[in-house]
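Next up: the structures, one after another.
What follows is chain A paired twice: with chain B in the first complex and chain C in the second.
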Partner chain A sequence: MTKIKASMAGTVWKIVVSEGEEVKAGQDVVILESMKMEIPISAESDGVVKRIIVQEGMFVNEEDDLLEIE
Partner chain B sequence: MFKKILIANRGEIARRIICTCRKLNIQTVAIYSEADAQSLYVKEADEAYLVGKPPVAQSYLNIEKIIEIAKESHAEAIHPGYGLLSENATFAQSCLDAGLTFIGPSPEVIASMGSKLEARKKMKEAGIPIIEGMDIALENTEAACQAAEKIGYPIMLKASAGGGGIGMQRIDNSDQLVKAYEGNKKRAESFFGDGTMYIEKLIEDPHHVEIQIIADSYGNVVPLFERECSIQRRNQKVVEEAPSPFISEATRAKMQEAAVRAAKYIGYTNAGTIEFLVDSKQNFYFLEVNTRLQVEHPVTEEILGLDLVAEQIKIAAGESLSFQREDIERKGHAIEVRIYAEDPKTFFPSPGKITGLQLPQGPGIRHECAIEAGTVVTPFYDPMIAKLIAWGKDRDEACKRLLDALHHYKVGGIKTNIPMLIETVSHELFLKGYPTTSFVENYYLPKIQEIKSK
Partner chain C sequence: MNDVITTKNLKEEILKGGHPKYHEKNKEQGKLFVRERLKLLFDDNIEFEDGLYANCLAGDLPADGVVTGIGKIHGRTVCVMANDSTVKAGSWGKRTVEKIIRIQETADKLNCPLFYLVDSAGARITDQIEMFPGRRGAGRIFYNQVKLSGKIPQICILFGPSAAGGAYIPAFCDIVIMVEGNASMYLGSPRMAEMVIGEKVDLETMGGAKMHCTISGCGDVLAKTEEEAIRYARNYIRYFPNNYREKPKAEAPKPPANFKKEIDELIPKNQNTPFNMYDLIDCMIDEDSFCEIKKLFAPEIITGLARMDGQPVGIIANQPRVKGGVLFHDSADKAAKFISLCDAFNIPLIFFADVPGFMIGTQVEKAGIIRHGAKMIFAMSEATVPKITVIVRKAYGAGLYAMAGPAFEPDCCIALTTAQIAVMGPEAAVNAVYANKIAQLPKVEQAAFINQKREEYREEIDIYRLASELVVDDVIEPNELRSALISRLHAYMSKYQVFTERKHGVSPV
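Here is the complex of A and B:
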């Protein structure tokens, strides 16, 4: 299981996958908004989204867990 | 003259306004979000009030709260700076309704120029050259495709309420347009609350040249020359200079005339900027009107020896312009670079704590700076943390001074775009004065790729 972490502090703008969904390495899973810019966060490996930890609108710090992929 | 002014902004522009107010013996009131409590401008203002939580919607965009603070602190006028509420007609109207002076043009002018479609229409009426395009909003993807066929690809898809490059995209064919239309419309809706879209023919590889104007309430409009702002990334300006190294004296004269005619036609008052695109043959086309002070106003101040903020305040206080067009003399050349807290290769933001700061000094060097060692750059606001301006007796001297200053500009703890600025300002094309708005894409980014792959 791998945890996808926030690459920088910001607000969760959009969660573009749902729990149980299959994702491929490099696919965007969450879009953060930081300093008026959209920051896409992508999966590092293929897998299935096991759990989404954050909600849209939530503020996250760098290195905070966003979701789990199995 | 006013005794006290509230500044409805933050960062370097709040400091800039405080600086002029001190010279004019005007007391200042700052507003700050919880994230900005330790900021320099908060310490420098005569009074400072907490306006809300860090997100702008809960602080710097909270009209009701800002007006309440202005009343409570007995401020007589509000300076909106740039960005945030500066081009919000509702805010300008709310100030007037509360008996406060809004330092800027009338709410009517702000509203009509805030809609880019409406601005296009007005400029056409005034006889200003506009880009071939449509004067009505697109109804749907199909209508967009039909209009694009008629104009001919490539085109620019634009949001009528847009700004900062959001909702704007170059489109080369109908497949791209079908793919882009809904997404850009949604983005415009979520950012500006208005998804009105339109298209214009793409001007290939243009220069961005804008005319600064200043107008009092008695019909006097004076053009204050141009600024060239062609070096951009993500459709946002990075390097700005005055005068433009590209346009001819004849073009300069025609553009100044057009800007004055536009300002008079719409009944403009206070400081404003008419933006144009200029093609390789020196044809110029209206782009938009910025109904506020621009980020890059210092380059105009440096070549003219004027204080634009002071002029804005005097006009808002009902004074007539103290100079005429014949009195304005331009001297030398000035270049400004914007220092962004961002990765110089990907342009992604880089918030964090600034551990050290060294600002270079020297002849012709000016700083507009929001930070000091220990400042935390938060993810809530624009990544611009400072501006560096270099003046020289000619463009060569300004370039040399700027480059030298950039080499000695040190920001510790976060990534900044300084390496990108050094690359740009020392590039042969820049030194010759040739860059167009495609510079970053065509010259800077390929060079970075080359370095990476080595």
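Here is the complex of A and C:
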């Protein structure tokens, strides 16, 4: 199981996957908004989204967990 | 020792290195014998050595654990020092240190590059009085490195450990190439960490190649194998002159790689939407000419050597695909060192700016983003090589400054038609100026008011308006950018500038 972390501080703008969904390495799973920019966060490996930890609109710090992939 | 010492059989023994069991150990770890490494590094082999017979009467310390000499890379004379890990784990005795100091002095006199092939456990504690504290002790190696820095290229390939004081050899080199799994840098070993501070940690986590190339930034290039590391070093030196008095040599020009899209199609019109800056770089440079430095560290900024029309250039580009291309303390650090490297060796700089600014917030303030950002601006200001700035899309706030904005004497500042230069973007600016006004308006009127103000703001910072005010020197269609850059690079070749007169600046660190 791997945890996808926020690459920088910002607000969760869009969660583009749902729990149980299959994802491929490199695929965007969450888009943060920070410094008025869209910050795509992608999966590091293939797997299934096990749990989404954050909600849209939440503030996250760099290195905070966003979701779990199995 | 043989009863009858003859030069021939003694030399043969020395060339074999340490005891066979250490050669076996090397093999198990996927390491090559130092003389194999040298064969790969040079066009042919090392041409001659000094001090081959160092400590030859000791019997078990062939060459005193280090090979120093001269050979040719792409036909150019270069000096080398290479630890032999089969001789007391490449540790340093008195003669080891003296040999390293002497090859540094030779490289200085010959004004040629110096390669450090490091694989050493550090000082021989038993020899410390002779090799540690004195005038020609190990400290002199680092003193010499600092003196040679920017005078001749100093390249480090790290094949094994570089421990304690030895870890400063890579630290003072222009570039550090690390072999994954075997290379490590650390001041105190995991065993020492446990004894002295109580930390339980393994070597790979604490000082391994991957950690240094991704997190600490002490490593510049992560290589999978020794062969790959040596290939990288041989390619890297082609972008450099032999010393600071010479210019790098051009190679045969090549067209850029074929790219599936037109350049103007790959740059999104919406400033807030990311795109992959590598695609734009591929369209600008000669095919297969990108030699990236610190690819895995602070990837929100891209730094690398390349060729345009055969001419070596240094590229600094924001990467909107990672962290929005925002500048962080690590990205500023990375850019500062790269700029200083290119400036030292007369390699022209091209900045591709697409930057929302420096990161804000508590985390980065605590990390000292202001002084790290100052380092980048300091290095960029001091650079007197041809300096070309391309505003690809946005260049907001101090991001414009750090990316060689007009005030920092670039030879030209070119804007693409997609460029937007401002203190901040329209969204942030309208909020900043009209926050109170917006709050007072009835809810239904707010959106219309905001849109109207944003539109006015966009007109205010329209790129042709900035061109009319002579803020930028030219506005160019993306598809014409490569040929425009090449013309300017050729024209700027004769640039000579002394930044200012003084002893030296007080660099922010």
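Convention: the second predicted complex is superposed on the first by the 70 of 70 C-alpha atoms of A that agree within 3 Å, B and C clash if a C-alpha of one lies under 4 Å from a C-alpha of the other, contacts with A are read in each partner's own complex, and residues count from 1 in each chain.
Going forward, a contact is a pair of C-beta atoms (placed from the backbone, for glycine too) under 8 Å apart; a residue touches a chain by one contact, two chains touch by 3 or more.
None of the values given here were measured: they were computed from a predicted structure.
After overlaying the two complexes on the shared chain, residue contacts for A:Ser34 are found with chain B and with chain C alike.
Contacts of A:Thr11 after superposition on the shared chain: chain B is touched, whereas chain C is not. Residues 8-9, 34-37, 39 of chain A touch chain B in one complex and chain C in the other.
Across the complex, chain C is touched by residues 7-9, 34-40, 61-62 of chain A. Chain B meets chain A in the complex at residues 55, 164, 234, 341-342, 348-351, 378-383. Here chain A touches chain B in the complex through residues 8-11, 34-37, 39, going by the rule given at the top. Residues 272-274, 320-326, 328, 356-357, 359-361, 363, 424-425, 427-428 of chain C touch chain A in their complex.
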